Amino acid sequence: MISLLLIEQALNGVQFGIMLFLIAAGLTLVFGIMNLINLAHGVLYMVGAYICASVTQASGSFLQGAAAALVGTLIIGVLIELGVFRRLYTRTHLDQVLATFGVTLFFNEFVRIVWGPAALYAAVPPFLAGQVQLLPGLSFPAYRVAIMVAGLCAAAALYAVITYTRLGMLIRAGASNRVMVAALGVNIKLLYTVVFGVGAALAGFAGLMAGPLLTVESGMGSDMLILSLVVITIGGVGSIRGALVASLLVGIVDAMGRSLLRPALAGLMSQSAADNAAPAIASMLVYVLMALVLLLRPQGLFPPLTR
Amino acid sequence: MLTSASRHGLATLLLLVALALLPPALNALGEPFYIGLGTRVLIFAIAAVSLDLILGYGGMVSLGHAAYLGVGAYTVGILSFYGVQNGFVHFLSAAAISALVALAIGANSVRTTGIHFIMISLAFGQMLYYLAVSVSQFGGDDGLNIDAQSAFGGLDLGDPTSLYYVSFCILVVVLFGLDRLVNSRFGMVLRAVKSNEPRVRTIGFSPYRYKLTAFVISGTICGIAGALLANQNLFISPASMHWGRSGEILIMTILGGMGTLSGAVVGSVVYISLEYFLSRLTEHWQAVMGPLIVLVVLFAGGGLVALLAGRRVAGAGSR
Amino acid sequence: MSAPILAVQDLCLRFGGLIATNNVSFSVKPDELHAIIGPNGAGKSTLIAQLAGDRLPDSGQILLGGADVTGLPSHARAQRGLGRSFQITSVFSEFTTLANVALAVQAGAGSSFRFWKRAAREHALVEPARAILDRVGLSHRADVPAGALAHGEKRALELGIALARRPRLLLLDEPMAGMGPEEAARMVELLAALKGSLAMVLVEHDMDAVFRLADRISVLVYGRLIATGSPEETRSNPEVRQAYLGEDE
């Protein structure tokens, strides 16, 4: 019994971690290559969720909604890169923080203007509505399984692109030596725009999948942004591999903390005290994890090579 | 050098005189309502000035400063919740607990620099935010109502003008104290750390102790601003600790020109007024404020004061 | 014979397969100017980094004034009398020239956890700082921001900052780097005037300067010290001529 519960919670954690990875990957790539801290990355996740939910409602097809969200976030990502972010690459981190914060304010309000102040609720697509029997006695929602599969496919595709293609070679080279790549005559501006657009679409992908699990509302991106920042801090800023490992770690710690802390504490203290303490401790768990990692490895688990 | 410094001092003095005369002026104009808005400006000015100590002089870009505002306010709220009304207890506890929280967070974060520091300050700030959300005893997400203002004998903080002048006095003391501090021996080391940390080590200072001390002083002052905020609103919710609020404080600090202390006051006046008047024009005021911030960053790197003076403050613009 | 101010014993540091510092031992007397020379890539910078505390050696010992400082961080070594000027100019650009030196004086003048009195008005800091500016020839530039100084002036300020700590031993990492002949000549005079008042370890490519200033010279080749001796001994040492000077001429 206990082990089945554990496995189920671990799976929830893995699923959450994979979604985190999709956001953190873009964040860490953009930092690694363009040296840009992008606090506006969370809005792309939010916009992805909004587009998917509204197009799905209008067309009746989740797949159409998903396609629209991917294309939409890609376009928005490219537009804000061209309009604002490319002016920030050579600025101080402080300027980057402020400007991307301003962009976040704008988009959080923008979705309220376009879609209204009320939250949207997206339904799980009918073809993924059931449960999947993973083990005898352990069934898991098909939609969550689909998220894991889709997220892992995206991660694998990203890995393949970075490892085996010319674009990936440039990305890797750009992360370790920007000046050199520019000196090789590569169109560095185009490379930056492409990387940014791909990062945006990955965040949008996470957002469109999150829609049916959460409420789609303004500001929903900021929780995920903060956790993604925790992820890339733990994983080592700029490292994709670090982002993957840390995403899963954070996802699992978070899910386990939220579900298992209450029964665990109930053994140590009164039920009511446990009811009060458990959510408080659970909400702080990933940050404690981050503090511990930083104490032991200030550069994160997988510090990228010197730049 | 001297003329620019004395001009700066004169401008600060004029600003403070204007702030001191604001309540009688508003009463004369028949607009006493705006005294409350003025108090809000002063409270955020204290927070922004405290941030300027670590940002403008210590080079630490903190995106979690609103946490101390929340810690100070929650301290007052929770003490009231348990029936403690004494104002001295409120404010001293707010300062002490903010100092302890800043010590714990600072001990873990000031060793790091650059992007790591930004992210870690942000993450710890959000940690406290989620903590406040999850503790249902004190209202959780819905926030905590406070029965009455801190009691200081004959001084009634429920009177808007009294609260205004208490906030004003605290701001003046903070400005004066920090002006001494940044020019003291301690302040010189702190500024040197911002300028060139490796060099500071080789002349024999361990930067960590100085950065941590400044971090704790900054958090303590911001906690006192939080106690004032609790008195003004008689309500505290996790929203005031959200990283968006930290971003706003950061913008106030930059807007007036960081590393000048009084610039942070100018920034608060501008930001809070802008927020107020924009929000009366449209409920979607953030859709205007966001792009404004982007424009200021892109085209006025040294802050408004520097922009008006037609120059860019060193270090605030491009790398 | 007085005891050495610096004694280095069997210092070793490897980077992967590369031996950057190979069993290096030497000592510096309290009033000696000891130069370390060697071809590019000989490991001079790495050796300086270990002496200064930026890098820890894999094995071996560094004694400063008889006390073991091998594992101490750089600020702790500075507190024990080790001064340093950087190969790449490193000053506090936003501070005035005077404030740069005054800060260094402050580091050796009691606690810096003083929060009230204006440092710029503390005579105990400003007067010694002015005296040092005088010594390094920068008195007329005292109130200029250090970032606005010419290259040679920055190098002199760099030296002033190091001197302000009243070090017993000064590490000079290519003090003439990037200087024109006139500036370099002025720096040589400055160092010559300092000689005798404290010990110095000088790493420098300018051989005229080295042979003019040094009391003793150690020659580093591929991380190993192949010889230590007076300038005359070094000049006539066949091994040195082959490994180093021959290559240079």
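As written, the chains take the letters A, B and C, and residue 1 is the first residue of each chain.
The rule is simple: contacts are C-beta pairs under 8 Å (C-beta built on N, C-alpha and C of every residue); 3 or more make two chains touch, one makes a residue touch a chain.
Note that the coordinates shown come from a computational prediction; the quantities given were computed from them, not determined experimentally.
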item: Topology of the chain contact graph, where touching chains are joined (line, ring, star, complete, other); value: line
item: Central chain (by mean CA position); value: B
item: Gap in Å, rounded to a whole number, between the CA centres of chain C and chain B; value: 43
item: Length of the line joining the C-alpha centres of chain A and chain B, rounded to whole Å; value: 31
item: For chain A paired with chain C, centre-to-centre distance based on mean C-alpha positions, whole Å; value: 50
item: Multi-chain contact sites of chain B, meaning residues that touch two or more partners; value: 315
item: Sites on chain B touched by chain A in the complex; value: 55, 61, 63, 108, 111-112, 114-116, 118-120, 122-124, 126-127, 130-131, 133-137, 242-244, 247, 250-251, 254, 284-287, 289-294, 296-298, 301, 315-319
item: Residues of chain B defined as touching chain C within the complex; value: 1, 180-181, 183-189, 191-192, 195-196, 198-206, 210, 213, 314-315
item: Chain C to chain B touching residues, read off their complex; value: 52, 73-76, 78-79, 84, 86, 90-95, 99, 102-104, 106-108, 111-120, 122, 125, 143, 161-162, 164-165
item: List of chain A residues in touch with chain B within their complex; value: 31, 37, 39, 84, 87-88, 90-95, 97-99, 101-110, 112-113, 222, 226, 229-230, 232-233, 237, 276, 279-280, 282-284, 287, 290-291, 294-295, 298
